[in-house]
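Consider the two complexes below, in which subunit A is the common component and subunit B and subunit C are the respective partners.
What follows is the complex of A and B.
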């Protein structure tokens, strides 16, 4: 039985399938869902937790290392054979019997009064410096604790401790009626919020067998691509800051501000919170959208010329933070990180929303910071093209109002849904039971990239870490939840 | 009169050094299409830190508390040895080698201060400051080698009249100026070598040694950073810049020149990114090479 579980999952990885989700349920099931990237077909496997143990996949599939540690921390199920079972989410303040998603839920445990203690993996030896950074940083950034093992200026090993701001979103969502979910899902992360909202809406619609009309799909594409433009503008602004290229940094932030003010006018929110619901999506006047894109392009084109022609900037980006294709494959990389390493991974190619849009897959070479920067440059323009095409289509569409639909209140079933968020493949694994959420698991785009970032660091100098980190631009909020 | 103008010049340069820092910041802000804070902001920042309580890391020694005063004193001594208005009384100490040793002293204590609090960043900063120092010191010596080339000794005095006297010396004069400008950017810790405005602690060089300081110590360190720019810019302009006959005109000229330098730093910092740490030796080697060339052209009979 347990060998079956391992064999099935390895077979899917070897066939080139994408792991969508690997999570547990309170009643002692561990489930993995795979997707064939050619046609979008999904396959699910389950194994039972026997005597609080289940067979670990990590040795064969390193990409699930964190998923299994998370199950260990939140459910108390032990992945048997896992090479590294240090706490991922748990802190020493949690009582030992407290498992927030475990079989016997304790809502509000008595927190222990102890000092935080993160056992970090470090390199031992003469002349090695251990450098700890965070969780509070000098800039306005999210909380992450980074432990570097350094030899002079060179990084030998990096250990990353996240989940400093674990909010327990998955536990909060449990038992909520369908109607309450949107504001919570919307706020999982400000960077990928539309992607999260769309996932939730699609899950409910799939389970209710509701087929969205073309207008609704079009609106969602517009929102998703607007979010991608916003997120890429932010990431492109942050990368120059890592090497002191303040002029490009500030100008890109100004362009981002222009875009956000436009979003506020068009959709009512600067970060696009609460714009997608089951059966509904915020609409915008196509002419105003086209006008906003034109305004953006007027600033974007000179900025692109500035950064593309800057020799010193390119010199700093080239050859640092290299993600090897082999590692990208092993760690299940997705999104910009995978595409910059030359791997054509973009679920928009199999996604129903993009059925007749055919977004181009922008690929980079070398997997270094420059490749990730260049891929974002290309993708931003591709998103603008998609937005213009969608706005034109919206204008030609006759003014039929959105079909009104009320969510049936006794919905049950499980749906694994995904979208291509600006940071990669964003998956929600949702189980509903009689109109209430029974289990809500989020495996966001950045979750799979954090271990890869640590993997890509050795061999680089410590002064390049901020630049490399910004080129991944991984979200903490989506990961911590 | 010479006494009075020299002392006034020193006082003005000392008092205005945060303003010159503010000029650089405003230039950068404008080139980034920002309005930026007021020109006087560095004074407010220093005053704010001066009024704050001063805390000291638990396990630090006397070295940590002495370092800000010693670095400040070294920089003030450098400023004093510069004939700000071109002329000084006959007995005035003005030896260029003294300036080198005072800079070495300042660097040494900056490194000690970084190490003393035993923070990782301080240690990293101290390591970087001293590593850079081994490159900057010979490069500065080479860039100013022209002083020996012209006069055979190390007295600080305006060289431009001597260099401009013969057309053959114009080219070495240009080379020496370029070399000095390149080295001073590194000595000041400005882009493309170090970025004084960054909050990214992993990339810091000079700032990393100051991370543990606050209150009066930090205020002193900030003023010292501004003073270093002003004093060494003054030195460069006195040695290689234009020179008038009138003392007062020279003093006014110097203030204008240092202001111009502050703007130039802002422009350079907006044009360039920080180079990789391990590429800085190449940059310094280029500056030193140009300086050595200027020295040989002047001293090696090319002018004859």
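What follows is the complex of A and C.
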């Protein structure tokens, strides 16, 4: 039985399938869902937790190391054979009997009166320096704790301690009626909010067998691509800051601001919170959108010429923070990180929303900071192209009002839904029971990239860390939840 | 209105994220960018708590960040000011009742509402509040200590 579980999962990985989610339920099931990237077909497997144990996949599938540690921390189920069961989400402050997603929920734990730091894994030996950074930072940065083992300037090992921002998002979503979920899902992470909202809307619609009409789908594509432009502008602004290229940094922030002001005008929110709901998505005037894109291009084109013509900047990015294709594959990378390492992974290619849009998959070479920078440059322009095409369609379609739809209030069932967020494959694994949420699992785009970041660090110098980190641009919030 | 030695004309701010969704951070970054350029209004973010007059907190205060936040607060010299930035820090955000959070700050000298506060509103709230503080030059030398 347990061998079946391992064999099935390995077979999917070997077939080149994409792992959508690996998570547990309170009643003792561990479930894995895979997707065939050719046709989008999904397959789910489950194994039972017996005597509080389930067979670990980590040795065969290193990409699930964190998923299994998370199950261990939040459910109390032990992945048998896992090589590293140090706490990931838990801290020494958590009462030992407290498992927030376990069979016996405790709503208000009595935190222990100790420091929250988990012990770090470091390299021992003569001449090695241990450098700790965070969890609070000397700038506007989300909270995370990084422990470097250094030999002089060189990084030997990086131990990443996240989940400083762990709020318990999956648990508060449980038991909520369908109508209450949107504001919470919208705020799982500001960087990928439209992607999260769209996932939730699609899950409800799939379970209700509601088929969105073309206008609704078009509005969602516009919102998703607008979010990608916003996020890529942010990341493209931060990478030059990592090497002190202030002119490019400040100008990119100005372009981002132009885009944000436009989003506020078009959709009512500068970060697009609360713009997608089951059966609904915020609409925009196509001419105003086209005008905004024109304004953006006026600033974007000279900026692109500036950064592409700066040799010093390119030299600084080349060969730094390399992700090898083999590691990208092994760790289950996707999004910009995978594409910059030459791997064509973009779930828009199988997504119903993009059925007749054919977004180009922009690939990089070398898997270094420069490749990630360049892929974002190309993807931003591709998103602008998709936005222009969508706006034209909206205009030609002689816009009729959105079909009104009321969510049936006794919906039940499970749906595994995904979108390509600016940070990669964003998956929600949702179970509804009679109109209420029974289980809500979020596996966001950056989750599998954090261990990969640690993997890419040795061999680089410590001064390169901010640059490499910015080029991955991983969000903490949707990882920590 | 409380006396404050610093803060009337310039405010040096140290930021700590205590469980934010990164929306508040994005808008804070915008405040420092070329469009709003809050430095020319006497507002700035500083890297060290030792250089700060104020602690600005975002997020609903995750339990894990509560102690590190306190360490930063202790490192800021007196007199010091606490700013709750955004609905989560103010205690009225959507994560208020999650098991991992304390539901915002217990007390704050200034609360800036919004999810997230937009740069214009945030800067306006800070500037308006700064003008209500006592000007140290018109006060006896040792006033304003808490």
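Keep in mind that, in the parts below, the second predicted complex is superposed on the first by the 480 of 481 C-alpha atoms of A that agree within 3 Å, B and C clash if a C-alpha of one lies under 4 Å from a C-alpha of the other, contacts with A are read in each partner's own complex, and residues count from 1 in each chain.
Methods note: contacts are C-beta pairs under 8 Å (C-beta built on N, C-alpha and C of every residue); 3 or more make two chains touch, one makes a residue touch a chain.
Since the model is a prediction, treat every value here as computed from it, not as a measurement.
Once the two complexes are laid over each other on the shared chain, residue contacts for A:132 go to subunit B alone; subunit C is not touched.
In the superposed model, A:153 makes contact with subunit B only, not with subunit C. Touch criterion met: A:316 reaches subunit B, while subunit C stays clear of it. After overlaying the two complexes on the shared chain, residue contacts for A:254 are found with subunit B and with subunit C alike.
Set against each other, subunit B and subunit C differ in how many residues of subunit A they touch, and the higher count belongs to C.
Once the two complexes are overlaid on the shared chain, A:28 sits clear of subunit B and of subunit C alike.
When the shared chain is aligned, no partner comes close enough to touch A:92: not subunit B, not subunit C. Residue contacts after overlaying the shared chain place A:461 against subunit B, while subunit C stays out of touching range. Of the two partner chains, subunit B is the only one touched by A:242; subunit C is not. Common to the subunit B and subunit C contact sets on subunit A are residues 138-139, 250-251, 254. Interface residues of subunit A facing subunit B in the complex, by the touch rule stated above, are 129-133, 137-139, 152-153, 240, 242-247, 249-251, 254, 310, 312-313, 315-316, 461-466.
Looking at the complex, you find that subunit B touches subunit A at residues 28, 31-34, 120-121, 123-124, 127, 191-192, 195, 197-203, 269-278. Against subunit C, in their complex, subunit A makes its touches with residues 91, 93, 100, 106-109, 111, 115-116, 135-136, 138-143, 163-169, 171-172, 183-184, 187-191, 193, 234, 250-251, 253-254, 256-257, 260, 264, 270-271, 273, 475-477. Taken in their complex, subunit C has these residues touching subunit A: 15-23, 25-30, 32-35, 45, 47-48, 59-60, 62-65, 67-69, 71-72, 93-95, 97-101, 115-116, 118.
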